[in-house]
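Next, two complexes with chain A in common: one pairs it with chain B, the other with chain C.
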Partner chain A sequence: MVVETITDGGILYGLLAVGAGLATGLAGIGAGVGEQGIGAAVVGVVAEEPGFLGKGLFLMLLPETLIIFGLAVSLILMFAWTPFA
Partner chain B sequence: MLRPVEMSRVVVAGSNKVIEPVIEKLHELNLLHVVNYSGTDDAFEMGKPLGTASEYAEKLIKLRSIERYLNISDKMPDKQFPESQVLSQMDGILGSVGDDVIATAERISEIDNEVKIKQDQAKALKPLAGLPLDLELLYGYNSLAPFVGTVASPVEADVSKVSYVNEVFTASSGGTNAVAVFVPAEKAGDVSGVLAEHGFSEISVPRGLTGSIAGAISTLESDSKRLEGEKVPLQKKLNDIKAQHEDLTLAIDEYLSIQSQKAESPLRFASTDNAFMIDGWLPTDQYETLKRELESAAGGRVQVEKLDGSEADKLVETGEDIPTKMNNPSIVRPYELITRLFAIPEYKEFDPTLLIFVFFPLMFGLILGDVAYGLIIFIVMFMLKRKFRTPGWASLINIVIIASIWAIIFGFIFGEIFGPLGLWDYIFSGSHHVGLLGTVADPHHVGIDFGSGFYGSLGRLGPEIGGFAGGMFPMYRLATASVLMLIGVSIFIGVIHTGIGSVLGVKNELAYGEKRHAYFEKLPVLLFQVFFGLGLLGLIAGGLTHPLVLLSALVIIISIVMMVKGPEGVMGATHIPFFVSNLISYLRLLAIGLASVGVAFAANQLAFYVLMPMLSGGGHEGFTTIAIVVGIVVLIMVHFINLLLGILSPFMHPLRLHYVEMFTKFYSGHGGGVEYSPFGRVRRFLRD
Partner chain C sequence: MPVLRLPKFGKPVKYAYITGRVRAMKTKLIPHEMYQRMLGMDIPEITRYLEETQYKEEIDSMAKDHSGAELVEYATFANIAKTYRKLLEVSIDEPQFLILEYLRRWDIWNIKTILRGKFHGASEEEIMKYLVPAGELDMEFLEGLAKKERIEEVIQAFDGTDYYEALAQYDGKMLSSVENALDKLYYFRMERAVGGTLSVGGGLLLKYVRKEIDVKNLVTLFRMNKAGIEASVIQENLIPGGKLHEELSRMAGQSYNEFVRGLEGYPFWSAISDVAAEGGSVSRIEARLRAYLVRYAWALSNYHPLSILPVLGYIVSKDTEVSNIRKIVRGKEAGLSAELIEEQVVA
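Now for the complex of A and B:
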């Protein structure tokens, strides 16, 4: 039977992968939600005053760090933390 | 280089008799950043424009309208003209050629109008085409009311009910029913009601046409075709004139702009009945040139004086901006674009362009890191360089060219030519790399192949440690060991990058005389971030009791105490999460790269290990022709998309690291500066 071949380690590894995926994915949604409002506002301002582009970009890119946090957690889960060593 | 050019405040004063040669000379020197006279001093009033101002302005307006008709817009010059030629040909262009252009362009727009009217009429008449009536019979009655239009259902019977006397003509074509109903004028109201019930919609018959409707339509159509044909030679004529005179027109534009700029310049000066006074800034080392040249131009009847430091400082305190002239060697200069996009540095601030020049391409390369992608970008940009010659585009292209060289260098370090499993193995090692993607369950065997192939013994830096081979190059980025290593490298770059930002921040605050801000706001950030990085290093090397960890913890606590003691008080310490996230943010250097490597890897895997074996019957050798063709098509498509993304994200993300992580430490804390723009103009189409 197939069921017998699934080990505890395998389940743990699977859960680890799911967790890593959730960490990056949910963080991505968060960053997206944050950026949508700022992005719309920046486009509006830049249409009025093109000189604001640099600062607008700055503001728009601020929430982007969120996804990097999620990614950092994923990387640690997938690469740095080895419960099977 | 990190500082803008040193500026001096000068005053030029002289008799009104010499104002013209002085303006002439100032404009030619292109040195003095004029401070506009604000009109606050009772002794002076605003200057009056020279007499020639309105003449030049009028000519300029006419020239601009000619340019608009000819569709000429600013571009880089192909030809240059001496001023004498411009002067001799200006009247021709503004006169006969210009009149010709305007007349032709107006004729074209007339034709466009006529064609539009005729096409609209033809379109309106189309549904009526089948009616057996001539056009002139459809309107112009005194005692009859005509209804012409389309209906949804037959109307004869109902019309007869309300008006016994009637005449109804119908025709149907292509699903629409045209109808022309004639009834006595007094029945018009009733009939119109009946018609409305049948979905009548009126068509207004264009007046002035005669003959059968179908005939009229074909006449209208042939007329508009004839008119369109008439337009072609006119447009060709305009194109010919443009091709012949484009550069000359732009040269005249430049000449007239210069003249009108000079003629209107006294509006920016302070003046009395007999004298004028010009305030301005210029690079200190140019002061002697300005003084000498102006005095010789005005025959000594002008006074040029440099204000000393304290007087200039007083003016700055009252709100005058010292203009900033960034001072960078030519290879760094393209990167001023990135600085400018954010803000012009203030005169007393650091100009971050040099730092951008060092870090930006490095980060770009670290993210993209592929020999082939780098080469393609390099070649494409080199070709675009000839096409896009305006300063903005030229800077952008130069930025990407420098960055693509770094991408090639990192490509060699990572061992990527079109991604892992790409051409690297074919060119350098001769055997396919096996076991590139290890599993977490077996981390110690991943990366054992590091160091094989191209780098030979060079690839093995150091002995085998644990299960690791100890070799580094080429470090396949998808392998666990190099991901871990790149995490460290990214954070390390972050510590240096933000560290430099903080050091400049401290010096900046000192330059503004804000000691408290310097030592209790900027310095603790530097300590915090550097020792946060060192602490992490200690943790990895020796765990919690490593001396480096203990030292770092101590310094971090001290830095937090300093923040709390700082100008913002306890609020200062609330920024700590921001400083930590600053460093973690540098992980994007690894992450964005991994994403694009992942796509390239998937493409290669799909083509070489799935599609091509599948299409040639399962084997890993001896692919059939069709398999190779399909494989190559897939490869080109995916790599092309990946390359496009590979230009965009490695550009945007380092940009963010500079704007958010680095600039916040020192840049524009005191508001943006004013760019040095001297009175004068760089001649592009004119030559001496």
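Now for the complex of A and C:
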């Protein structure tokens, strides 16, 4: 039976990875919630005014920027921030 | 024990599609400044202008059978029915339920039209021209009613429905009591159907409808108080359910000046103050109150952007547009002066 010793650094690194995952994941869920209303409204407007499609897509993409923030935080956590180095 | 009601997750989102759509539809309505220009046009010019708007399809399809004011009138009726049916078709769930409850007024309108037509011995074709199948009763059912020979047969066709009780009041001499009972039934049914849902959307619909009842009662009071009719008769004609019902029914039977003075301080006073104070015509006051109602619906929908209110705002604006076009065209046909027509147009 092999018993592996888990170091404090290993636990912290694991928690860091979980945090990085949550940052992107929760940002994605938030953007999705924001987009559901915008998406439905844009489809409604485009059904009447096809010319609104470009503007509508732009408005729909606004909540997506939240994911970029989340992703940036994840990348910093995983690669740029090295507290245990 | 008070219960904490948390908003159901995602509920306002149900309204996102339909409100987005009606806001886009609103941009296609005829702008107010156009009514001024229409007053200077003759009927063929107005028809040509309407052909450039959303009424094109109806005018094109009806132009072979009708002309002049008749063509515009039937085309606008057909268009309004098509537009409201579309609202019902593109909505789902709670918005659809609330829109249908509101649009039942067209069922009442159609029943009244058929009863009036039968009462005055109009032909089936004539009645059919004025039917607007925008509510729950479809054209097939209404056609069947229009084909019936006598009023009693029409009333019998509603046996077993809510309408029957109101229609059974017909005494063979006058329609006004039946018409009044139908109006009351409409608001009673709405309150019953919407009050039961306890939803935010239903509450907002009732809030708007209460305002609408107040405005209707106010117009009745203006007309009847001016004519000097007895208080008890006026009170019978007021529709119950409005927010100001108690206060308005107390005003029944007052002398016109006393009545107008009593209205000062109400939210609608600023909309009618100048016309009412100088004793202007009731139709002018009615037009001002109608404009106030349209503004109220849109103002309220700014506070609740994802609710039934933008849809109601659109329905009221569309109703107003159609009635404005009809007023202008019918006024022109009757040879009324532009000033007189302008008084009636809701801007």
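The rule is short, and it goes like this: the second predicted complex is superposed on the first by the 81 of 85 C-alpha atoms of A that agree within 3 Å, B and C clash if a C-alpha of one lies under 4 Å from a C-alpha of the other, contacts with A are read in each partner's own complex, and residues count from 1 in each chain.
The working rule: a residue touches a chain if its C-beta (ideal position, glycine included) is under 8 Å from a C-beta of that chain, and two chains touch if they have at least 3 such contacts.
Just so we're clear, the structure is a prediction, and the values are computed from it rather than from any experiment.
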item	value
Which of chain B and chain C A:38 touches, first, second, both or neither	second
Contacts of A:9 with chain B and chain C, given as first, second, both or neither	first
First (chain B), second (chain C), both or neither touched by A:49	second
Touched chain A residues, chain B compared with chain C	B
Chain B versus chain C as contact partner of A:68, first or second or both or neither	first
Chain B versus chain C as contact partner of A:58, first or second or both or neither	first
Residues of chain B defined as touching chain A within the complex	340-343, 439-441, 443, 480, 483-484, 487, 581, 584-585, 587-588, 590-591, 652, 655-656, 659-660, 663
Interfacial residue positions of chain A with respect to chain B in the complex	9, 13, 16, 53-55, 57-58, 61-62, 64-65, 68-69, 71-72, 75, 78-80, 82, 84-85
Contact footprint of chain A on chain C as seen in their complex	10, 12-13, 16-21, 23-25, 27-28, 90, 306
In the complex with chain C, residue positions of chain A that touch it	36-45, 47-49, 52
